[in-house]
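Labels run A, B, C, D and E following the written order; every chain starts at residue 1.
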Amino acid sequence: MTVQATQQAVSKGGGRSRRTDAPATLSNLIRRPESGSLIATIAIFIFFAIFGGAKFTAQSGTATWLNPAAELGIIAIPVGLLMIAGELDLSVGSVLAASSMTLAIVSGHWGQPIIVGIVVALGLGLVTGFLNGLIVTRTQVPSFVVTLATNFGLAGLALGLTRAITGSTSVALTSESWAKHLFGSYVSGKFEVAIFWWIGVIVVVGWILHVSKYGNWIFAVGGDLVSARATGIPTDRVKIALFMGTAFGASLVGVIQTILYNSAQVANGQAFIFNSIIAVVIGGVLLTGGYGSVFGVIFGTLTFAIVGQGIYYTGWNPDWASLFLGVLLLLAVLMNNTFRRMALSYGPRKKKD
Amino acid sequence: SSSSDKTANGDTKAASSGKGPAIFVVGGKADDPFWSRVKRGADDAAKVVKSGGGSVTWLAPKNYDNLGPDAAKLIQTAMSQGADGVVGPDWVPEAEDAAFKQVVSGKKPLVIYNAGGIDAANSLGALNYFGSDEATAGKAGGEFFGKDGEKNVLCVNTLPGAANTEARCKGIADGIGENGGKSSQLPLPSSKFGDPTAVAQAIKAALLKDSSIDGVVTIGTGDANAAASAIEQGGLADKVKLGTFDLDDTQLGRIQSGKQLFAIDQQPYMQGYLAVSALYAYIQWGIELPQKPILTGPAIISKDNVETAVAGSKAGVR
Amino acid sequence: MTQNSTQPLLKLTNVCKTFGTTDVLTDINLEVNPGEVLCLLGDNGAGKSTLIKILSGFHEPTSGVMEIDGTPVNFKSPRDASEHGIATVHQFGGTFPLMTIGRSFFVGAEPTRGWGPFKRLDNRFAGEVAVREMQSLGITRVTEGSRLVGGLSGGERQALAIGRAVYFGANVLILDEPTAALGVKEAAHVLRIVMQARQKGVAVILVTHNVTHAMTVGDHFAVLIHGALAADFRKGERTREEITDLMAGGEAMAELEAELEAYQAAHHGHVPDPVELERLAQSKSND
Amino acid sequence: MTQNSTQPLLKLTNVCKTFGTTDVLTDINLEVNPGEVLCLLGDNGAGKSTLIKILSGFHEPTSGVMEIDGTPVNFKSPRDASEHGIATVHQFGGTFPLMTIGRSFFVGAEPTRGWGPFKRLDNRFAGEVAVREMQSLGITRVTEGSRLVGGLSGGERQALAIGRAVYFGANVLILDEPTAALGVKEAAHVLRIVMQARQKGVAVILVTHNVTHAMTVGDHFAVLIHGALAADFRKGERTREEITDLMAGGEAMAELEAELEAYQAAHHGHVPDPVELERLAQSKSND
Amino acid sequence: MTVQATQQAVSKGGGRSRRTDAPATLSNLIRRPESGSLIATIAIFIFFAIFGGAKFTAQSGTATWLNPAAELGIIAIPVGLLMIAGELDLSVGSVLAASSMTLAIVSGHWGQPIIVGIVVALGLGLVTGFLNGLIVTRTQVPSFVVTLATNFGLAGLALGLTRAITGSTSVALTSESWAKHLFGSYVSGKFEVAIFWWIGVIVVVGWILHVSKYGNWIFAVGGDLVSARATGIPTDRVKIALFMGTAFGASLVGVIQTILYNSAQVANGQAFIFNSIIAVVIGGVLLTGGYGSVFGVIFGTLTFAIVGQGIYYTGWNPDWASLFLGVLLLLAVLMNNTFRRMALSYGPRKKKD
């Protein structure tokens, strides 16, 4: 049942329906459902460009929302992938904190080379993700509950161990300069290197989801788990891999923040849990799985970051920042939904012929 | 504050162009009662700044989940908006110091307030430090307990792991330790934060479990309300004394009626007020204070001085 | 086509399946030969889909042995079954509403282009093949592989699933009520494809409730009644009426059909009088 | 039953339906009379289900007028349609996997016991009625109204949906491929019920791909081809072959059927030689 | 299409299948899926009874978990109802805070009679719920996003208005004694009256879900929205009503807490968002809707409350409390799932006959 064989058979005889796809390539660009999230991002940007003034659009204004977007994005992209496969991960907050703390303890408190700390920290993330995936697929308890439990558990473990080992809850770290450059420096004094890590994650995950065959598996698993299993996809392994992906993303951000700020705090990171889900949903990924795109998640992350930071450029009373965030969030998703629906209902004009 | 009108947003040195300076203040979460008093002080000082043509802009994180990095980003936000001077708390030095150094290296005056202490201010090259010191405040509370005769104090921490709350509990332990008592921490998980009933019942459970505890101190006023309820429900009102960091009307009421031993006030209004006015005076006229640091607290409010505190509270500054 | 001399491709011995405390299948013994069409017949709830789910690795049997080419196999997952060359169209599902037709067609066996780690999904090829396979089943209204499956009609979706199984089917092609949602033309196309597969030596297992379809293509018939194998016979060994009765779970259908005809003859063009209505209502509730 | 003299119960004038830019139905004109069975025929994707969704208030027509008893109506929701006495079995769905059979049967029209604000759901009654109605459709293996719908076989679920519509149907009973998942016996029961409903003066609209079923019960036939009403005739006005061709979307079926028969006659019992296989494969890919 | 008519027709002719239900009534008790959550609750209780000692099982120990359970339960039960109908409500946190603050401002700061404050506070809840429901049903944006936006928006509104009106973020309230008795007093000095409110909510919602016909509508809406709409259920109105229910529950708890603690804090309540969902999911309600029971939610709430408070009776290092919470949570849900699966796969023994 190899595909190669059948592929040959087709290229011999099947020229007839070639025309069906060719014109679609252009129209595809317009009907892409991500256009909704893109337009939402642009609209929000223009809004703040008007009310935030030149400061907002200047280089350092851009860094204000691009830096948080990059860190959020490194987590949001694998979270989006997982959501497309129909699962949630609420443990990213504690994974971030625990990885961050692991690095600080191993390389700061114990004085090991920083590479050891980084490897152990990232390894911790992968192990947590693996356990999440294993429990979800074996027990069929909803991932919402499993990862919530992991989040509590890991937070407790990090607090308890850190206090037991260091007697404190905040551990300092001095990085070797290569590590500082690679993870925790500013490009032209303003832009975190995390932006490049984000781009890396986008390329890798974008390839997996939209270009490689594994993307098809992920859509299928989220679209209809039973049918996906019936077609022979190793659904459990797919899910476990995706859980490892989200945890790895969270660990990576933990490492980046620790090296960037030269310390780790036990209480960090919990904000990423919701923020990553929000970014992904604004980006048009279906909360129930089966639908979404990496581009959408990128725009969702940018929208969320711009909304979150933009208000400080407007000079309005920041007491109302939350109100503002709520209203803009709703507007962004509404806009997005409207465009997606328009895109989906579009089809070539067909008459009864 | 709506004080940051666009008039002050010149890129060049605002003072030399005849307009007042654009001062940026990084502060705590806006719905935190404590920070609302700091902001009140800053707002009052801003009136003076405005009268000189300047502006004061308040920047605050939306939550404390990622405090250090968030604060660092706010400092960068301030700089990118052309601040002529920055007031900021050094909550997480490792995370924020790089950003503070950008302020100083950009030749803009910096004032550290509320957290970090004078050591941080000196090492960063800041003008001064305004505020109390968590450890000192904790120590004062611990000493007060000790002098009152308590031997075993429980420090309830609803934000375990955060540097300032940890320092408060440690200070309590140090203070009472010097007076022949001891203190342990009760860290509560995040699933209880903002639910006074869950906090109250957890405190009650801890009190029932260890009957040697004769004092409870909380890291904030909301938790103090919960702790008061816990003491009442445990039937321990005669035995267990309550103290708290920070102050509000409800605490004052309990201190007046004798149900609470004390509250540790860092007099937050003065932090905002003094930090902003001092920075403004420096930018505008080069005035520098000789005394470093300027400590605004701790002030222990107990039944001896509660009446004056009530008056300040009515004015919204305590 | 009496190939009893050759080894059966698929052989079940005493296969049982229990859900909780319900015995859904009891002691099924069955042989499937290459180049033959086995029609699996039976009333609603007889256990046909369950049997097929066991053959396709979806369920594991509670007890019993399954052999392929004489070797016992133990399918842990559908993947195992498809690695043994078994392709299945399940009764419901098998398509993904939010995916394009092309992607849905190739789920789990994606065509790729390029080399090594840079292999990429060949979406255009997938769309072309999917559309072509559907058109060869008579679905002419679908011309774009990039449309979403969710917008297809019931029959169009079923044709997509069948096209897929036929395209990938290697040794055994299992179709669970493939023609249920199909129009007459499309159903005829499916039957043609079943016969083509048989010609190529593929073993086909076909579940159907349509006597005509069964008799058109079947070489070998197995009838399930209440989870047990009630009859197992070859083409020509039973009459149409016998087969119909077996499909109805062993109940005589002649009566019911006569009743239907009587209605038609008696009432056509007449409005019934109240007394007759009463009688009809009673005959219903006594059924 | 030529009741053209009486007023039509349901009348469509120039009804159109467009999804996005796709015209799914164009200028449908149709009359449905009480006491008659209208068979709605057509190829896969012809627009039958869409038409039925308009009749049952699920979609609103893009343009055109729908009249009931001569008064124009505008269904905003399925609730409006059911208040006009229209009961529908949709092609898929209609049952709730995680509910008990009894509850699922009565969704939206729950039987209650007790008085005023203390009315309570009569679960026992619901279970009894649901089981009885299913059994009267020939589903005898289901005996407990408290079982979950999710555990039923495909046909059992369909019988549940049909039983529900029949039980509640007042003036118009619409069945979209009701017999698709049913066994021969159950299908015959459904046809019998259709005829009983007709006897009671109910107007029945039946979608089916089964020519025999259509010809057994239909009084009046409407054929959709690519969304347009291609033919509208009464019983006896067309031959079986003509109807079959219309159902196939206007394509002549004789050829395809002859091809099938030829296969049967030619290859039965013989393993085909390789040359012939090649020819067969080509005839497939040239189709 | 009245049911009465057909009901008569049946009682005439339909005695045949009466036997089908009678034996099921007894066996139903054992196969009830809630048995899973009940057993989890009991197991957790026994665990702490052993490790927590006599203090835990004494009256005041019982109050320790019963009081938080009651407040959580008042929110969790309508949240469970909403989840059965397939929707989430993440706005309960801000609704609680906003209602609490409304009461404190109206009756504390402005000195209106407390009844006015209570009515306005509860009214605020109902209006928010109505808006949530309206937006969700009209726009088809997932409720996760809509209510998240409402949560942000309302939090911002509460903060901004409170500070604008009172100049502070914590407002004191002195209640009239009838209100104190009704909402914020302790029975025998230990048990909050909230427990009785909880019981009231249980009875009302239990009736709606399991006895009245509306329960069937709710299950149907969550089980298959399209089919439910096709059967004529006014699905939009059902959902709007349920959103109003959750918001009302949150407002009620806001009122109770304000009167109990004599003050309102803007930052309160956010913990209830997750905690209510956790309690509901431990209680066996399907996160995807269509399945669940009020009894399950009650036991889920109790389990969560016991796990959350029990550790303080054990004398173990509370640094590990989170770890503990995570592990016990997972165990409770696992136990629950196992039992539910056993209960569902149970059926009367059937042979081929």
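To be clear about the criterion, contacts are C-beta pairs under 8 Å (C-beta built on N, C-alpha and C of every residue); 3 or more make two chains touch, one makes a residue touch a chain.
The structure presented is a predicted model; accordingly, all values stated were derived computationally and were not measured.
Steps from subunit D to subunit E, minimised over paths through touching chains, total 1. The set of chains touching subunit A and also touching subunit D is given as C, E.
For the criterion of most C-beta pairs in contact, the winning chain pair is C-D. In the contact between subunit C and subunit D, the residue numbers used by both copies make up over half of all numbers at that interface. Distance between subunit A and subunit C, defined via averaged C-alpha coordinates, is recorded as 42 Å.
Subunit C and subunit D have CA centres that are 21 Å apart. For this pair, subunit B with subunit E, the centres built from the Cα atoms lie 36 Å apart.
Centres computed as Cα averages put subunit B at a distance of 72 Å from subunit C. Of all residues in subunit C, those that touch two or more other chains are 19, 135, 151, 226, 285.
Of all residues in subunit E, those touching 2 or more other chains are 14, 155, 159, 163, 274, 319, 321-322, 325, 344, 347-348, listed in ascending order. For subunit B, residues that reach two or more other chains under the stated contact definition are 30, 160, 187, 189-191. By the touch criterion stated above, subunit C contacts subunit A in their complex at residues 56, 58, 77-79, 81-83, 85, 87-88, 90, 93-99, 103-104, 106-112, 119-125, 127-129, 131-132, 135, 143-148, 151, 167-168, 170.
Subunit B contributes residues 29-33, 36-37, 40, 160, 185-198, 200-202, 204-206, 208-210, 221-222, 225-226, 229, 232-235, 248-250, 253, 316 to its touches with subunit E in the complex.
Chain contact summary for the complex, subunit A toward subunit B: residues 53, 55, 58, 60-61, 63-64, 67-68, 71, 93, 152, 155-156, 159, 162, 168-170, 172-173, 189-190, 257, 260-263, 265-272, 308-309, 312-313, 315-319, 321-322, 325. Put simply, subunit E touches subunit A in their complex at residues 135, 139-142, 144-146, 148-157, 159-160, 163-164, 274, 277-278, 281-282, 287-288, 317, 319-327, 329-330, 333-334, 337. Touching subunit A in their complex are the following residues of subunit B: 1-2, 4-6, 9, 30, 57-60, 62-69, 72-74, 76-77, 79-82, 92-98, 102, 159-163, 166, 187, 189-191.
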